[in-house]
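Following are the structures in question.
Common to both upcoming complexes is chain A, partnered first by chain B, then by chain C.
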Partner chain A sequence: MSDFDFDIIRRSWPLMREATWVSIQVFAWSLVLASFIGLLFALMRLSNVRALRWIAGIYVWIFRGLPALVILFFAFFWVGRVLDLTSFQAAILGLGVSSGAYKAEIIRAGILAVDNGQREASDALAMTRAQSMRRIILPQGIRVMIPNYVSNSTLLFKSTSLATVIGLNELTGKSRQLANSTFKPIEILTAAGVIYLVLTSVLVGAQVLLERRYAVKA
Partner chain B sequence: MDVQFFIDVFPEILEGLTLTVSLFLWTLLFSTFLGLVLALMRLSPIPPLRWVSAVYGWLLRGIPLLLLLFYVFFALPEFGDFFILSPFRSAVLGLTLWTASYQSEAIRSGIISVDKGQHEASEALGMSRTHQMRKIILPQSVRIIAPPFTGNAINALKQTSLATVITVSEMTGITRGIISSTFQTVEPLFALALVYLALTTVLVFAQSGLERVFRLKT
Partner chain C sequence: MIAIPVAFALAVTACGSDDDASPTTEAPAATEAPAATEAPAATEAPVEGVSGLVEDGKLIVATTGNFPPFTAINPDSGENEGYTIDIAREAATRLGLELELPTVDFVAELEGLSQGLYDIADSGIWPTPERQESFLFSRPMTSTGIIAQVRAEDADSAGFADVSGLNVGGIQGSSQEKYLLENEAELGYSSYLGFAGAGEALIALKQGRVDVLSQDSLVASFVAANDEELATAGPTVLAHPLSFAFQLGNEAKRDAFDAVLNEMIADGSLAAIQQAWFGVCIPVPADIDAQEPYDILPTGDC
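After this line comes the complex of A and B, so read on.
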């Protein structure tokens, strides 16, 4: 093995930085989509209407049962062709839909963890179901959701690497190309690993801050 | 959708099933072993062992699996001929290293959830640490380990789909091949999705079966 070549990393940096930014954008948008889907389907699963519960249950079963890669293929080759999506948009759709199924379960568990007395009390105060959910249940459920929610989001960030398979120039795919063209796979792939580690560590830091923010004040 | 083509495509995709299942089983076997070792290291009284295990977890959980697979497949051979592995072995190695980092957390949290009194009681009986762990602690922790453990195993099954990216033609790889040679996307994708859904559903049933076996008899 030759010596570790820092120069190649320095020269590849502009391209890698660009690709990192693509990864971050895909992550941010699919997180928004997944959170929206997650909340919607969590509420549907807890609904009084049986049909809504079924639909949400089937959604979670299907999208947690399939590899994210297969969902991305659907998003790109099927939905993407019908709606004429770019690989960037298809990646957001696929990852959002896939992660949304996990988020739904996490949010549902958080809601169920809130003490029943809270629900009864808000009933007694004549709040509507929507009101009690928004004002009483969700704010308390968030505390329980945070750890799982953030670690699932960290997984989502790492999953953005899959988008290379549908032709998106994100960090993992770009690094692989660079590794091929420079014949320095160790340097380039290690650099990519460091970038991912820094960014996932930021997310873990965010988790600690969020947990502190939502901790019960004693 | 062309129903006849949908039916015709099944046998071809199922040819990759053996490869998918053997990727999964090897990964499950090795990652369980490595995960147990890492968990015991993390709980060891010897600081360097704890550090190594903690750094391992931080590294492996901080990067995408796909990047790890690229590393194993493209960068590792640079370290010497010994590391030139077949695509299949590279995939098993990558999947194992990645899954073990999650399994070690599942096993560790199971071990520390066993009541402290059990430790103290077995110590009072003059048991050695290994004896304690084997006869008293691990058997009781299995109950708590089972749900996250099987969850990780199901993830590992889904992630075997990534092996296609390093040229292992398991089910997803075969499906990609069909798509690019026939230009038909919907039928092969639905067929592939059905097979994965069947596999993960079987595992979910196995999971609830396991949990029933390990439930405390009261």
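After this line comes the complex of A and C, so read on.
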């Protein structure tokens, strides 16, 4: 530990800070996309229309089964080529559709966890299916979803590190570049690890706040 | 549920910062032409315009930035630097093009090149016959070889002349790893460990996890010169040229680049770049298929 070179971390900090910001932005936008996809496909999976259930089932099967790394590669070199996406946009697309498959299952499980009597009660109050979902089912389902949703989001944040394969200068890619350029991998990767830990701790803190917000009052 | 991530995304994006991987773009620098210090190679006429560029007016050179002294990132300036970077910068200047240096993973560098996203892949590539089936290569920009990197106390050891019973290591996917794996029976080493990058591999060597690291000769010498705990040992094996890679079918662009490389060899500017990064001059073979029978990499004053 006496050989630990703190100075290389200090010198590398501006580049690591910039790369951290890229990671945060990719995470934030892919979380938006994943949450949208997750809600959409969860509702499709629960639909009375068989075709919608099939489409959503196939989506979840494919994107939960493929490694995020492979999806990112396709997102940049295949879809990205056609749509002329930057590595930043392709990373959001790839991580969003990958995480969206997990989010769909988390949201579906949360909805199914709500007691059937709640649906029957909303039917008795002459609510439409949409009203029932918005006012009765989802607010109660969220309570069940929160731990898995946040855990999956933490994984999503760490998965932004995979986007280095498509040329995104995010935290892990930049750290590895610095580590190999300076021959100081322990120092650089330790610093990167601390940054990831701090940021994932923010997510865990958000989980606690959300759980309090949606807790059942005694 | 979606409102929370949307708000978060908007909040972080509102704070500013452009996107991602915006590549480093450099305006052409002033050309320096050091005095010629080695025998001039064949010189071609100066190039008037380059056809087949990915973007008009730009030379897009993909680099990994993690292979010093060929390509590395300077932690202080944040700029890419190194032997191949300096050559690319000089070539762009002479071709009258703006240099762009996207930094990518090695796999993405080659895939992007074959898809036509970049003009050149610069990471010091050995133009083996198999690789020549997938990419066009420039004329060589240096020769190098494979050598044993060891701890300083083992500097007098035999290197690859005798690694029997030792634990050896290399960088995954590299030519140096391939040499070890293809010659396992002949070399007789005890175990092999493959590392993701040079940084990890060198730490493992210092910590005694491996006794010998299979390294590019120029990289190993650079490391030994900059780290007193490490040295090179034994003979250079498999001396070979290194080139820049181009997309197949881009002969015109490759030929324009070759003309500039020939100019740089003839006027001594390549030798000056070698001096800056290697401290010595290294022979530059004329042919990408050259397989030099060097025992040690010949070097000399420029």
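The rule we apply is simple: the second predicted complex is superposed on the first by the 216 of 218 C-alpha atoms of A that agree within 3 Å, B and C clash if a C-alpha of one lies under 4 Å from a C-alpha of the other, contacts with A are read in each partner's own complex, and residues count from 1 in each chain.
Assume a contact is a pair of C-beta atoms (placed from the backbone, for glycine too) under 8 Å apart; a residue touches a chain by one contact, two chains touch by 3 or more.
The structure presented is a predicted model; accordingly, all values stated were derived computationally and were not measured.
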Original post:
Is the arrangement of chain B and chain C around the shared chain A a clash or a fit after superposition?
Top reply: clash
Original post:
So, does A:L112 touch the first partner chain B, the second partner chain C, both, or neither?
Top reply: neither
Original post:
Who does A:V79 touch here: chain B (first), chain C (second), both, or neither?
Top reply: neither
Original post:
Between chain B (first) and chain C (second), which, if any, makes contact with A:M127: first, second, both or neither?
Top reply: neither
Original post:
Regarding the shared-chain residue A:L52, is it in contact with chain B (first), chain C (second), both, or neither?
Top reply: neither
Original post:
Looking at the overlay, what does A:P185 touch: chain B (first), chain C (second), both, or neither?
Top reply: both
**OP:** May I ask you to decide whether A:R176 touches chain B, chain C, both, or neither, giving the answer as first, second, both or neither?
**Re:** both
**OP:** Please determine whether it is chain B or chain C that touches the greater number of chain A residues.
**Re:** C
**OP:** Determine, under the contact definition given at the top, whether A:V70 touches first (chain B), second (chain C), both, or neither.
**Re:** first
**OP:** Classify the contacts of A:T200 with the two partner chains as first (chain B alone), second (chain C alone), both, or neither.
**Re:** first
Subject >> Touched partner set for A:T164, first chain B, second chain C, both or neither >> reply: both
Subject >> Against chain B, colliding segment of chain C, chosen among 27-35, 117-125, 207-215 or 279-287 >> reply: 207-215
Subject >> Touching both chain C and chain B, counted on chain A across the two superposed complexes >> reply: 73, 77, 81, 164-165, 176, 179-180, 185-186
**OP:** Spell out the residues on chain A that touch chain B in their complex, using ranges where they run on.
**Re:** 1, 61-62, 64-70, 73-74, 77-78, 81, 154, 158-162, 164-165, 172, 175-176, 179-180, 185-186, 189-190, 192-193, 196-197, 200-201
Original post:
Which bits of chain B are touching chain A when the two form their complex?
Top reply: 58-59, 61-67, 70-71, 74-75, 78-80, 158-162, 164-165, 172, 175-176, 179, 185-186, 189, 192-193, 196-197, 200-201, 204
**OP:** Name, in rising order, each residue of chain A that touches chain C in their complex.
**Re:** 8, 11-12, 14-15, 18, 21-22, 24-26, 28-29, 31-32, 34-36, 39, 73, 76-77, 81, 86-89, 91, 107, 138, 142, 145, 149, 153, 164-170, 173-174, 176-186, 188, 206, 210
Original post:
What does chain C use to touch chain A in their complex?
Top reply: 1-2, 4-6, 8-9, 11-13, 17, 19-21, 64-68, 72-76, 78, 102-105, 107-108, 111-112, 115, 196-200, 202-203, 223, 226-227
